[in-house]
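Letters A, B and C name the chains as they come in the text, with residue numbers starting at 1 for each one.
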């Protein structure tokens, strides 16, 4: 008899069964539309994914910008290159990012490298297109004036064309950043811990969806506002509809 | 006979004790987690062994609730025993987790005997008996330089779940009872269920059931679709939180033809780690899992899936409530 | 042996094409997966959901964009919607619909249509409102009514911009339809999300098919754009870029 009790002893009344049914069950157990208390108690679960998300957006927009800028410099004097560059980046841009992640699977596997490649290629296309368009929209009179002042091609580019193209370039940065914030959520499929991870882990938990999704949208708005501020400071004359087109 | 009646008396006494404590627990305050402070628990306490300091172990797990809880329980228990523990708790499916052992990324992870035999070692059938399945698993692991520790008390298996009202309406208690009726039923399961023998394929081939539709949904929605009335039947798991929390709402149809193999959890690791880590490695893991019966596992799952608590916190609660750690 | 390692990744790509073209055993069990029939049916399902969602999005966004653009009101709204649409993460949208509304074709189509409306509406507005005012005045001068002006003059001139928006919407939607596998539909996302069953080759096969489909859709819509663009506009553009 004592042997029997000893066997049952580790289980007897030790792990308490909580009450989860009925109206007194906690908000999240009933999966109500939004559980504020749970959100406050558990917000620390989102801080690491949030930071990773911000970081990866900044890194990839920076890489994409650097690459796009380099490509634009190369293709600036060589107009024939532009369709090739635009076409190639365009194709890569059209490939859905989810598919892109797994196309890279045999080459770079899953992880941060893959995520950075995918996101950078995305921003690359948008920014490159905008830099080229910006440079193309520089008024010929300004270029003539520059040449008249004796500028070389290089000086013309850096002192006249790029500054005049700046508003369009920043517009491209805005679009790229906002898009990247959204796409970075998909990097959960590449095993990277951005805000997509807590979202995907508990995809049917309403409060979780609101928090994770809400943080992403707020981040996009914040970045957009900052860049918009920069754009307005540098080019107050721009009409809003000019930068609307994707 | 005299000994029989004594045994019966013993059982009755124990039953009464369990009932009394059960009633006390159910009626208790939600916030009161501090039960069982009697001397019973001190025997369970994991003692730190200085020999284990400096030995590093990496605990892995697959990527769903039950695995997260188990991974955290084992990790915290090994930490209490004095090991230097790191965790890698979101590995993915069994293929990735198993490979992580072979690549040396983790020391080990909790795996189900059924999954190990069927998915990794491609066996067609899995023994129903827990010990037999464990022996078979060991036999497969040993030539690869790996091994597994004893199985947990609880087992988890796929199951066909329905709302009780629906099951009563159809008069079904076993899956075979659905023959002739399944063509009017909408079945919901995980996306990979469609191609698995321990899921839709088994239901179609072994039971001869043809469903009106099969709809893939993320496993997080497996009870939501039943609740919303979209699913007539849904593929669930026997250790699910919702089953323990709502014993009268959901019913699992009996798997009379045995297509859903049952799997106890065994800790899979490589032999070299076992040799280096000393006896407390296996000892701690096998000790701390003794409390993991099916109702306990359901309760822990419930704390994560329903109460939305953090798996690491729930693991700590389990270890403290059972007395394995202070 | 080095050439084996370099070409190693080609191996998985080769396996992926093999997966599409030949049925083979699943990673678990004896079930046959992959192969042309299964893959084609998933492609069909994928396209069906895409066109359904794109259709709904266009049906909602085009009229609103046309009217607003024609009267040149609501610019802030149209632009802001476009920006906001870019910020919505697809995964969150699907999760939101699945959690709050439900799963299944109707709900999912609704969610995807939401994704497609912003680019179409914004571009339609911009296209319509930026039509050369001289052309509109000429139409007025000829006695055309509002409707006639829209359909005979403004819309044709706005086609390039509008179709650019439709293309963006289409590509966005076709990418998101892959996630529909989480919400009750069987699309090419099945191959990607179920690495367990379909293996690495299945995952890459799914990725290849989705990528090809997206490119084909973009190409097809570009062709539609070309077909709908009035001849005069095509000539004018050719002249401008020379």
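Methods note: a contact is a pair of C-beta atoms (placed from the backbone, for glycine too) under 8 Å apart; a residue touches a chain by one contact, two chains touch by 3 or more.
Computed from a predicted model, the values in this text were never measured in an experiment.
Enquirer: Any chains in contact with both subunit A and subunit C?
Expert: Of all the chains present, those in contact with both subunit A and subunit C are B.
Enquirer: Looking at chain pairs A-B and B-C, which one is connected by more C-beta pairs in contact?
Expert: A-B
Enquirer: Could you state the distance in Å from the CA-based centre of subunit A to that of subunit C?
Expert: For subunit A versus subunit C, the centre distance works out to 20 Å.
Enquirer: Take the average of all CA coordinates in subunit A, do the same for subunit B, and state the distance between these two points in whole angstrom.
Expert: Going by mean C-alpha positions, subunit A sits 37 Å from subunit B.
Enquirer: Could you put a whole-Å number on the gap between the CA centroids of subunit B and subunit C?
Expert: Whole-Å distance between the two chain centres: 42.
Enquirer: Indicate the residues of subunit B shared as contacts by at least two other chains.
Expert: Residues 92, 218, 221, 224 of subunit B touch two or more partner chains.
Enquirer: Show the residues in subunit A shared as contacts by 2 or more other chains, in ascending order.
Expert: 203-205
Enquirer: Which subunit C residues touch at least two other chains?
Expert: Where subunit C meets two or more other chains at a single residue, that happens at 98-99, 182, 189.
Enquirer: How about subunit A: which of its residues touch subunit B in the complex?
Expert: Contacts found on subunit A: 1, 4-5, 8-21, 26, 28-29, 38, 42, 45, 191, 201-205, 207-208.
Enquirer: Along subunit C, where are the residues that touch subunit A in the complex?
Expert: My answer: residues 8-9, 11-13, 75-76, 78-79, 82-83, 86-93, 95-96, 98-100, 119, 122-123, 126, 129-130, 161, 164-165, 168, 171, 174-175, 178-179, 182, 189, 192, 200, 203-204, 206-208, 210-211, 214-215, 218.
Enquirer: In their complex, what parts of subunit A are in touch with subunit C?
Expert: Going by the criterion above, the answer is residues 31, 33, 91, 94-103, 105-107, 175, 178-179, 181-183, 185-186, 188-189, 196, 199-200, 203-206, 209-210, 212-213, 216-217, 220-221, 224, 240-241, 244-246.
Enquirer: Across the complex, what residues on subunit B touch subunit A?
Expert: Those residues of subunit B that touch subunit A are 6, 10, 14, 17-18, 21-22, 24-26, 28, 30, 32-33, 35-36, 40-41, 43-44, 63, 90, 92, 218, 220-221, 224, 244-246, 290-291, 293, 295-296, 299-300, 302-303, 306-308, 310, 318, 321-323.
Enquirer: Across the complex, what residues on subunit B touch subunit C?
Expert: Going through subunit B, the ones touching subunit C are 92-95, 118-119, 122, 124, 188, 191-192, 194-198, 201, 215-218, 221, 224-225, 228, 230.
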